[in-house]
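Each of the next two complexes has chain A plus one other chain: chain B in the first, chain C in the second.
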Partner chain A sequence: MRRLLLYLILGIGLVVFAYPFVWMGIATFTPEAEIPELTLLPSRWTLDHYRLVFERLPVWRGLLNSLVVALAVTASVLVFTSMAAYALAKLHWRGRETVFSIILFTMMVPFLLLLIPLYTLVVRLGWTDSLLGLIVPFMMNATGVLILRQSFLTIPRDLIDAARIDGCGELRILFTIVWPLSVPALVTVGLLTFIGSWNEVLWPIIVVREVQWMTLPQLVALFAVGGGAEGQLGPQLAAAFLLALPIVLAYLFFQRYFIQSFATGGLKG
Partner chain B sequence: MPELRATLRRLQLRLRGERSGYVLMAPYLLHMAVFFGYPLLFAFVLMFHRWDIVTPMEFVGLKNFVRLVRDDLFFRALLNTGIFLTIHIPMQIIVALFFAELLNRPLRGRGFFRAAYFMPVVVSGVVITILFQQLFAFDTGLINRMIRALGGEPVPWLVSPALAMPSIALMATWKNVGLYIVLFLAGLQHIPKHLYEAAELDGANAWQRWWHVTLPMLNPTMVTVVVLSTIGGFSLFIEPYILTGGGPLNATLSAVLYIYNQAFYFNHMGYAAALGFCFALVIFVVVLLQRRFVETDTWS
Partner chain C sequence: MGRGIAGIRLEQVWKIYDNGYVAVADVTFEAAEGEFLVLLGPSGCGKTTLLRLVAGLETVSRGTIRIGDQVVNDVPPRDRDIAMVFQNYALYPHMTVYENMAFGLKLRRVPKAEIDRRVRAAARVLELEHLLDRRPHQLSGGQRQRVAVGRAIVREPRVFLFDEPLSNLDARLRVEMRAELARLHRELGRTMLYVTHDQVEAMTLGQRIVVLNQGRVQQIGTPLDVYHRPANRFVAGFIGNPPMNFIDGRLERLNGLRFVGEGGHVQVPLAEAEWPNIQPGQRVTLGVRPEAVIPTTPERATVQGPVETVEVLGAVAHLYVRVGQTTVVAQVDAAQCPAPEQTAYLHFDSTRIHLFDAETGQALLRLA
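Let's look at the complex of A and B:
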């Protein structure tokens, strides 16, 4: 009896948290007039909403922009943040503790303080309306340093010293010895950075005004706000669904990694 | 002689460590100087100037701050954030604790439920907001349709100035609570069993065990939830931007949305920087107070 109640409550939670997505998916194939109705399935299926979205929005271009930005940011964060984390965890140099404290301090400064000056900097560099303006300011990441440093600290000293005696340079040690031993931390940092960049929308809205450089979340947000959908629900939901799809698909296959990464990121942040 | 060579070798390695330390750190430090250090310093310059980006900057002294203390919209944004947080934080903690407790029992499909509750966390805020725009709509929204079907009065979720911000808080809770379920669940699983056994021997009932063992042991997670939610509350942007544009009657104007409006509708870069500084100050003080009142020293 108790057990049944437990599953009943968990089931209600399931409806509350997951059903809206299912509803949204179905609504994107439902004729406009039927969307607000309380039916589980539409009387007929339609592709009209998607047709309108693909007519009005450069979806493929937005997808490409988003992918380029997210991949460039993630690759850069992994490489450069690893180098910094390795220097902080495994090398001895004067000023190391000071630099680490400064990095911790940078995490405490709210982004809204930097928003305007960072924007004016990007303007001065001439990077508005370009992907550079979306990529370069986020090529490093303090949370990444923290997570990777923590992981690198657990790697035995002897292993690294042995490689040094064999004549390995530090970069080679980092990428051929330390990296293979730190895969979970790299996955965490990579996933957090990629999803963060993929979902970011405030910064693109500020920096990019030309449609050809817009990322997908930006296109979809402006489509919903700017009346490109002519007040129709179906196309707005269809655009939103297209935006959610890649992440949801990735999530279905790798949810363990997602949950683990976000939990780590949450505790460090 | 071999000892000398070994010492030399070690010294050489040490020097190499010193040099490569700087070399490996250099790209990060350079980036930090340009994209963190410079904007931080420039923020302190900008807030004493009037600047529309096009014409040269003009020094105005404390004018931006004089204007700020008389700016109703600044205080309105603070109030709105306060309303958001007083609803969002307790709701988040209660819902997350509730589901974490349920999922901490031995049951089948635990991973499945956890994964389902977590889904809104990874999906873009743009998607969630467009979805809720439809769910919250007054006439055609799914929630009001259900309420009407059950014989109730439709709720003016986003139309009423009193309800608009609480509605956004509800939506934010729905989006984020999966993360906190996971964090609380991890916290619950790390509580040593012997604490409960000891409490039971002392004659504590289930409720007392929860109150005196579980809750204090979850304190670090609680602090994380409170601090992260606070920073999230001040960073609200896309939710009011899409749902309400800050309305009705500025009831959903958030800190970042107000900075955005000042900077990009009115081109008041200096004033926007001053706003950013003051909001950052408020965040700092609020987080400090929260740490002081929420954080307890259960470990010592």
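Let's look at the complex of A and C:
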């Protein structure tokens, strides 16, 4: 009886959270006229919306741009933040605490504040209308440093010293000893970074004007507000659905680590 | 690698940590080529710090460290040709036993076949052959300890450093591994620097012992040296179990020179010729080990008093006897020891007593 109640409550919760997403997925295959009815069972299935999206938007090119940007950003964030986190957690040097405070401080600076100086910089470097302009400003971030430092702190000092005696330099220690022991935290940082980069719309809109360098979210956003969809809901939803798909897939694939990392205090402190 | 054996020499080495704590003060000692040298001292006396200095994991604040003929102060750990066994083993959790042992060799670009030969040879010696594919978390404490030793052996370093490698093992395993390490030392013939706070380990393994306290060397000598001729009160009290009896008092001249302590409850005649540096009136501490306190007749007794406790350990028993305000421990034959509450009559074997200056704690010179 108790059990039943529990399942009922969980079931309601599931419906509340899942319904919008499920509806959206189904709506992309529903004829335009039926969409406002919020139905989950359309009278017939259609691919028209997707056809329109693929006709009007360079979806594949946008997908490729987005992937390149997100992967490059994620890879470099993993490398650079773990280097910083290692230095902060495991090496002793003058000014370490100060540097850490400064890094923490940068977390409090809103991105909007950085927008104009960053833009000026990118223009000066001639990186507008290029993927470089989308990648370089995000190659490092404070949150990643914080999460990884916290995880690295749990690695015993003797383990690292043993590797030093065995013949490792610091970089090799980081990548052959520390990394394999910090997989959940690395996955967390990787996913957060990837998702953040994937979803970024504002910055690409500012830096990129040529369609060939636009990312998928940028294309979708411009499509939805820019009238490319001719006010139709179906194509807009279809474009948004395409956008969300890779993220959902990535999450499903990595969620085991993701949850583990949060559960084992990857974000503590 | 493979450059054979080398000694270690520390000269006036200091280590002052960033927070100003002086962990090692003016330490000088030498481990000869192939010697098994034990660093012995209580917790926090700077043993690990010393070992880490030799390994290059900490930098010396002052002084020089030599391995072989080379001053290694500025040489990074990997170029010192040493191997270290850590107190908690520090095995790489994500590598198998085999990979743990092979790791250091791979980094040194030792050919695969040679790595395999050395790892298997070490595994055979340490009886790890059937465990080579396991990961550290699938091993018992004793097995992990052997892997840690194996990881050191395969490197064939000039010098082995051990930081309390047996302290996490149970008593039986500890005895076993002690014998194992002694055998390894005989077979490898390499210089070994071994840190422990356990005097039994120090006495059984060490060819010589460096006794440390509060970052300073107290005495360097063979196990029997430090046991029978402790340089000061600290060494005398630290080595031996149960510890040496200490009685504070002064030297007086009544019927010849004698030690009078514990408000006159303890009187020990001293042969003046044996003690060149003592004078009547001097305040001293008398030390006598439990095995030099011998039950005797009332007429010959140096001290007497009621028995407080008797600990029977099989063949021998420890007798705790109340003398004045203090307790004197005697190690006696279990078969003929008095019962609690009875009066015990004890004699201090005069050839085995020690005198320490009451102020400095230094042992007073004794001839013969």
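As a convention for this text, the second predicted complex is superposed on the first by the 233 of 269 C-alpha atoms of A that agree within 3 Å, B and C clash if a C-alpha of one lies under 4 Å from a C-alpha of the other, contacts with A are read in each partner's own complex, and residues count from 1 in each chain.
Simple rule for what comes next: contacts are C-beta pairs under 8 Å (C-beta built on N, C-alpha and C of every residue); 3 or more make two chains touch, one makes a residue touch a chain.
None of the values given here were measured: they were computed from a predicted structure.
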Quiz item: When the two structures are laid over each other on chain A, do chain B and chain C clash or fit?
Solution: clash
Practice problem: Would you check which partner chain A:249 touches, where first means chain B only, second means chain C only, and both and neither mean what they say? | Solution: neither
Quiz prompt | Partner chain(s) touched by A:180 [first = chain B, second = chain C, both, neither] | solution = second
Practice problem: Go through the superposed model and pick first if A:93 touches only chain B, second if only chain C, both, or neither. | Solution: first
Quiz item: Can A:41 be said to touch chain B (first), chain C (second), both, or neither?
Solution: neither
Quiz item: Does chain B (first) or chain C (second) touch A:81, or do both, or does neither?
Solution: first
Quiz item: In the superposed arrangement, which partner chain does A:8 touch: chain B (first), chain C (second), both, or neither?
Solution: neither
Exercise. For A:164, select first, second, both or neither according to whether it touches chain B, chain C, the two together, or no partner.
Key: both
Self-check item: Touching partner for A:156 - first (chain B), second (chain C), both, neither
Solution: second
Quiz item: Which chain, chain B or chain C, is in touch with more residues of chain A?
Solution: B
Quiz item: Do chain B and chain C touch any of the same residues on chain A, and if so, which?
Solution: 92, 161, 164, 169
Exercise. Could you please specify the touching residues of chain C with respect to chain A in the complex?
Key: 18, 52, 55-57, 76-78, 82-84, 86-88, 90-94, 103-104, 107-108, 151, 155
Self-check item: Of all residues in chain B, those that touch chain A in their complex
Solution: 13-14, 16-25, 27-29, 31-32, 34-36, 38-40, 42-43, 46, 53, 99, 102-103, 105, 107, 113-127, 129-131, 133-135, 137, 139-142, 145-146, 149, 174, 178-179, 182-183, 186, 224, 228, 231, 234-235, 237-238, 241-242, 245, 255-256, 259-260, 263-264, 269, 272-273, 276-277, 279-280, 283-284
Quiz item: Where on chain A is chain B touching in the complex?
Solution: 3, 6-7, 9-10, 13-14, 16-18, 20-21, 23-24, 27, 35-38, 80-81, 83-84, 86-88, 91-94, 96, 99, 102-103, 106, 108-121, 123, 136-137, 139-140, 145, 161, 164, 169-171, 174, 195, 198-199, 201-202, 205-206, 217, 220-221, 224-225, 233, 236-237, 239-241, 243-244, 247-248, 251, 255, 258-259, 262-263, 266-267, 269
Quiz item: In their complex, what parts of chain A are in touch with chain C?
Solution: 92, 156, 158-159, 161-169, 172, 177, 180-181
